[in-house]
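Multiple structures are listed underneath, in structure tokens.
Next come two complexes built around chain A: one with chain B, the other with chain C.
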Partner chain A sequence: MTSPGPFAYVGKPTPSREAPRFVRGRGTFVDDIKLPGMLHAVIGRSPHAHARILSADGSRAARHPGVEAVVTSPEHVELTSPFRPGRYASGLGTHVPEYAMAAGKVRYVGEPVCALAASDRATAEDALSEIEVLYETLEAVTSPAQAVAPGAPLLFDEVGSNEVWRNAISYGDVEAAFREAEVVVRHTLSMHRYSSTPLEPFACVASYEKGGGTGALTVWCNAQAPEVIHDALRETLGIDDVRVVITDIGGSFGQKIHLIRKYVVITALLSMRCGKPVKWAEDRTEHLMAGGHACGQEFEVEAAVKRDGTVLGLRVREVDDVGGSLSTATIHFTNKLNNLFNTYRVGAISLEGTAVVTNKCPVVPNRGIGKPAMCFVWERTMDRIAAELGMDRLEVRLKNVVPTGAFPYTTPSGNIYDSGDYEGLLHTAAERMGYDELKAEQARARTDGRYLGIGIAMGIEPGGRNLSRDLALLPDVKGIPGSGGTSGATLRIERSGSVTVTLGVPSSGQGHETTAAQVVAEVLRIPPERVRVASTFDTTASPWGGASTNSGNNFHLYEIGAVHGAATQLRDKLLALAASVLGLPADELSFESDGVVRSKADPARKTGLVELARLAYNNTVLVPDGMEPGLQTTFMYRFPHAQPFAVPDEQRRVRAQFTFPASVHMALVEVDVSTGRVDVLRYLVVGDNGTIINPGVVEGQVIGSAAHGISVALGEAFAYGSDGQLLTRTLRDYGKSTTLTTPSIEVEHRGMPSPFTPLGQKAAGEGAAIPSPAAIASAVEDALEPLGVRVRDLPLGPESVWRLINGLPERVFD
Partner chain B sequence: MKHHVQIEVNGRPRDDWVEERELLVTYLRETLGLTGTHVGCVVGECGACSVHLDGALVKSCLVLAVQAGGRSVRTVEGLGRGGELDAVQASFVDAYGVQCGYCTPGMLLAAHALLDRNPDPDEADVRRALAGNVCMCTGYVQIVRAVLDAARRMRAPAGSERR
Partner chain C sequence: MYPQPFEYVRPESVGHALELLAQHGADARPLAGGQSLLPLMKQRLATPRVVVDIGRLEDLARVEDDGSLRIGSLVTHAAIEARDWPAPLALLYDGASVIGDVQVRNLGTMGGALAHADPVGDWGPVLQALDASVRIGSARGEREVPVAELFTDAFSTVLGPDELITAIDVPAQDAAATGAYVKLARRVGDAGVATVAVQVRWAGDGTCASAAVAVGAAASVPFRASEAEAFLAGRTLDEAAAGEAARLVQAALTPFSDVRGSAEYRRDMVAVALTRALGIASRRHAGERVEAGYG
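Right after this comes the complex of A and B.
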């Protein structure tokens, strides 16, 4: 264990390294790429939610002037192989082959059924209407209840049921908890379908060249996880020579991990068919229909409670509406292992769940993947307990949080919370928000007929994934299909003394270049301006990075670990080299700022970065025997404190993730009871993100993810008609918040360094999107308390709130 | 059918033939290679394609290229001078108002349109002026701060600016 700091650059608001190119309009997004002879693709999509494809004929479109390649679903199935089942569908019993295009049947509106490439986009769009696809329409199921009703049409005949998965796990003695309970609190809860709708939709350029073996394929795409694209292209197209290049990404949030692979495969297939580079850029409606949604999740919750507010155990039953694909059917359930106990010291929990397929867009990882809902379950339950026991909501939480003296704290499921001060977070938030004063103000406002509400929610933001997690849910699986995680960083000290860094992951707005440069600067004691971090990821140039997304919140553990490790290796090498140049033992040298290495005893004897770098590359005869010349290294990071529970033990305890930031959110809202409109008057996040590397970057991550969670709670939502048609096909219909509806979110850092990481860093990315939906629900319920309203379901758009106020059925959306 | 258009783009006269159905944003991006203007929706709902048309803020996905004939267009590439950032650009950088950068060019042009008519806006003015520009990353707080800071820098007497 290390104690971090004091730091020279870590923790300082060093200027953004990415921003200058973006404010000049000089980012390089995929749609900005132009290759000689490049064609433009469009994709034909199913207009039906559920139908059998009878035939598809692209011959007329193929004759359209300017069209150079056409692929229809039956041809696609013939020409490609299915994707291999992946970790988002862990434990599914029956494997149904899934291709990039619909195979035989369409199961959601927008599922791709054909594609073509033409000289320009307009021509491609004209020609697309000439592809004829004949369907036999089938009845659509749009809710889990409908999907599991007797006689419901089956999405996957091979599976034999629309309930495609069922699992249960429990930790601690749940039965005993309920036997000892003095009060049992019960309610049903739900979260709806939403997405983080990155402003840049999916895009891809594929360039295939025939050649030795299977030929060579290069794709530029805005995928977050290069490994997913690499695997997909090899699996489906059988091409071994695949290069994936990822330039700037216009936001990702998990949305660009999974379904994007379908479109990269389709674009690549078009390029293979015509032998020319092909570009495809998704439009907004396509993205909303078929780019992936967060899962609709329904819960039945029971809490075993003592009269003093102590929670003894929780029983949760979950139903996931996973949409029209099996490929991500289990991820919203399995990911709940990551924050299963939230911030609480509770001894027992059972989680039981089913995944139900419906004729809606497939679900995908999205800012927390099930963690926001797990947090919603806990936080709505804490509020419920407070209400039923007549306690204050803060008090109930203080009673149950992991006490400050208990860290590192091992949860009954095996997560080890590295450090934390949850009581401190709650107190700070209450103080800064003026909790007691606000309660007085609320009481006054009520006498004036105004409905103010104060919301509280707290959550953790687990960081750094562990690939063995799902084994806890699948005890029958033999051996270890995966465990831990790793990512690499390559560092090179140039002969000028500047440093070049290549990361194993692409960046999509999280400030990776800025942050990585600070860490290198810290270790090598040079100004961050002397460190250049590559902005483009390229499988032919970048180190391996398996932990590629912030959605697993991997950056701060794996990438920063790799950067720190590589920089430390080079620093040690510089010292060894300096020792040989100066003829002194390394331990008599000190590493000073600006790359100066000096004798401790005789400060006049010194050397520096430039001199050492020149020697290392250009004067290899002077490089000591046994030392590799040059100053370049690649470091692959592995979390060194992964034990115990790196793999599940016999009680199925496993470390789902490795670092545990936490935060308390408080909201002040006003509800207009005549319209149901909710205004967020104040919103505060008090967070522990461990050692913060760049406060400006982290503040942006916190505010951005909180803003999304607030927007999710206040009404952004996918709505479907009973025929399975998506009704919310534009951003406005979907209900994305704007500057006018997003509050001026306040952030206070109260960081507790992690004892397990080199700098004490934890994670900072999706975190604030986890408790924010619950905080808004809490505030709205509090505002409407005099009316006896209980908030169980999201979203809380004006219509839903108005219905609650007027005692009408709560659910507006399926 | 193609139409002949003369458009002044970032101070330079252009002379081109455009399809009648071609959008201004497509003309800027594809014909002129000015890829700083982005597309997030093509239906006027996100603001990523915002440019100035004769000094007024427009969404270039809602304007046909032929409609820009005889008029002047300013895009993000026309901001700043000789590679130096202007006050709004510099404020966005300094205030961490940029995350993925996709909304940034549109935000900058919306901010300029505001500051052109109101050099001393308050937070509510800024929020109103940016209401047509969606950002999925930042939650707007740092963007709003950047615009307020830019207004301060632009009001400061010459020579007293930080950059």
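Right after this comes the complex of A and C.
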């Protein structure tokens, strides 16, 4: 294929548009919004993991001076409708209505059961203890094994089992693969519950005004997917006139797609009850308890292998610990279709899984949603195969990756890997890391009693979104729930010649303004400083942007596709207008830098952006017949290469996502075998994100998501007692790594442009969070190889590693 | 989260502070750096009616050094970390440098930390190993209590509700003594899972004349490991001696479990911390500059 470019602005390190605002404290976050007469809300939460709500009485709290609205769970259920079941629970057999507050029963500590609004936050907190909720406590189940044991208490009586879902899918001839196998490698693996813990927890301001019809509701919130909020408010409150405004967001990572809707609904209901604006801001402990966790996932894995290291097939059985809600029960399983084959050319796989409800926080989409675990399965298995066959870990991967000449490559499940050079990534990483020298150093260190380990993992970062993916798992469902998706961008060339851009998504700090401005600059040949990108999303002003849910990953596809499309349309229009002004055919004109349009034949004949803009807006008689006046356009982007397999074929092949960046991670660690502490001495990411638009933005995404994945591996974790109480209620207890324990992360780009996107760009967001947990696991196992330690489970906090070294069972909290 | 409503008073002098405490008794809490009291109040785990802010009483913020050391109760962790201590007092640096993070060290005070009596607090073992005592004032008068006798249980001390720690007295140390405080923790900035402070007086032949061994973050209160101390006196501090001392410490220990570490892990880590602390004290005795830090 031909590479796109050369580029004038794309790929150049232009200064960040938003960073100065944030660094100077000039961002506008929800908590900065103050409306006249605004009240402050607090949410009352269940102290129990599992209980029936016997009664709730808010009357005393309602009389507390300063309190203006109280809602308890029974009233809430009366006053609102349940949410419509969504795609995070695709395929559940029994539908159990879910409201913003617990209905009849609480199923996790922190589940909302009441709320009130008062003149100020302190008064609201004082009054909250005066709402009396009576419970009949029930036995809590805190692990899938406990939940499916005979006689276990049921979370949802309506469903009749705590195993709420079971599914299986396979591609290729798995039985044949295992028949032909010379070696079968088996192990069990697991990943734990964690979260990206955005710096800014959930927040919302709701302002309801009575009036025509159902009244008008405006909410300001830090949700990352505005349409989820829009839908939720309409579904539950029955209000048609809803405006959603989203200003700066202090990090999302998927956490702010789903559960946040509950709190927006509750805040809106309080505003409806008292007729005043109401603000609610979650605190850290609330977020850790009830803001959503990544799913705990357990696996049994078998690999069919030939003696030369070739993997013929994989069998994976999965159990998901989805917590106390059905609304996201299946997403960690279904999402595995996205990176089902990771980077490997393997012919057969079967994936079988169950979702089990437990009395813990519901799971939510979080930085990869199941993809880090699918990658963990592959990468731990590759290391295991290498160990059992006595091969080098690099060599096993080189043997099995999709060969460089094979792109675009269609996996047996129907994903089409757009471009890639996995062998090149592996070789570059090994060279840059000094793999062979490190192995020698490791051998020397061992003789001094030091335990160095080298970790290797590779993964893909699928980008794009195909809602019909789940049909592959649900062949009985008729109709298409939506294939692909679209996002828009609105561009306006001002009469000054500068450009204003409005996007269909808010930004969570991923540099959307910087990246979008650069693309406009590229197409219109003006400096990026002349492009202003709106920093506020507003459903009454912004175009539709549902496709990306504002992940940095999808932004690079959908929003950038839309911005590129809109800028190209305006560029064509400028040319047509110039042709009319200059009296020359458009193909005799050249579009030059700074918005100059010039005759190719006679360079003295020219016009420019300012002149054309004035004409387009003010001198419409000079705008040619048939041409729309003005220089404003909205472009809706659709992924142009969604066929084939946009919907599943009879072999259930489906394109779960559309572009496939990849990366190789290598880590050098030292393990203190007395304490179990792991120090990461070096960490390298060699990645292919296709054409990079802004190197600083992409590097930020890579470093941030790698840092998180490393912290996930090294010990950040939610822990529950056997009574279902969350034991990690502060960031300190939760064990997030800080800058002091995060290694400096080296990043090398080895971009292969995508043939499917306008600039050759691929996704660039959560990618490094996918292989990094596996890379650390690989390094720790390598370090402890002389002690015969196998790393199967995360996280690897000091005590866990100490237990591995001493042959003790995993710790269970009581 | 917001505390329950409370009255805030800022006394002008230590005497005034003591009067206020006498007047309000158990309804009042002194506020020093606020690093423990304010989080507790925000979670409504502490609900004082009157907060007596002693934080600006200059008289409590001085360090007097005339051979023995008097550290005002309001001296911050950061001030102790920043001071140039002679070798026999390196333990003070060791302790200060591993407390929380920079923000906490800038505001948190030694007196506040001791009064808070967190079982994972770092000053308890460090000051016990230095044979320090606290000076306690009240409208009733003054008394002095060894740090080794200050703590009665987790988050409990011998302090009455009307009493203030005014200073911490550290007696003069043997000029050739060296020590080390090793804090084993899940990660930098976290609370310890086992911490050990040792202070060794060396005999002319390089053996240990006497050793103080204090253990923190493993039991409900920090404690001096007297059996281990008795065993180490007069010995060469080699690996075998350290191992036996560690065994004696473990025998005297009933560790607790929390999310940071199980009892069995803590028990093992106490031995590691002791061995490492003795090792660092020995190297310091040999003139090496060694960071003790997180071991």
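Keep this in mind: the second predicted complex is superposed on the first by the 803 of 814 C-alpha atoms of A that agree within 3 Å, B and C clash if a C-alpha of one lies under 4 Å from a C-alpha of the other, contacts with A are read in each partner's own complex, and residues count from 1 in each chain.
Here is the rule we go by: contacts are C-beta pairs under 8 Å (C-beta built on N, C-alpha and C of every residue); 3 or more make two chains touch, one makes a residue touch a chain.
These figures come from a predicted structure and were not determined experimentally.
Partner contacting the larger number of chain A residues, of chain B and chain C: B. Judged by the touch definition given at the top, the superposed model places A:Ala122 against both chain B and chain C.
By the touch criterion stated above, A:Gly735 is placed in contact with chain C alone, chain B being left untouched. After overlaying the two complexes on the shared chain, residue contacts for A:Pro644 are found with neither chain B nor chain C. In the superposition on chain A, contact is made by A:Gly511 with chain B only, not with chain C. In the superposition on chain A, contact of A:Leu727 is made with chain C only, not with chain B. In the superposed model, A:Thr675 lies in contact with chain C only, and not with chain B. In the superposed model, A:Pro624 makes contact with neither chain B nor chain C.
In the superposed model, A:Gly160 makes contact with neither chain B nor chain C. In the superposed model, A:Asp283 makes contact with both chain B and chain C.
The interface of chain A with chain B overlaps its interface with chain C at residues 121-122, 283, 732, 738, 740. Contact residues of chain A toward chain C in the complex are 121-122, 125-126, 283, 285, 674-675, 714-715, 719, 727-728, 732-733, 735, 737-738, 740-741, 797-799, 802-803, 808, 811, 813. The residues of chain C lying in touch with chain A in their complex are 1-5, 101, 184, 186-191, 193, 258-262, 264-265, 268-269, 272, 295. Within the complex formed with chain A, the residues of chain B that make contact are 19, 21-22, 26, 29, 33-43, 45-46, 48, 75-77, 79-80, 85, 89-90, 92-105, 108, 123, 126-128, 130-144. Chain A contributes residues 13, 15-16, 18-27, 29, 31-32, 34, 121-122, 196-201, 248-253, 281, 283-284, 508-511, 696-697, 699-700, 703-708, 730-732, 736, 738-740, 742, 744-745 to its touches with chain B in the complex.
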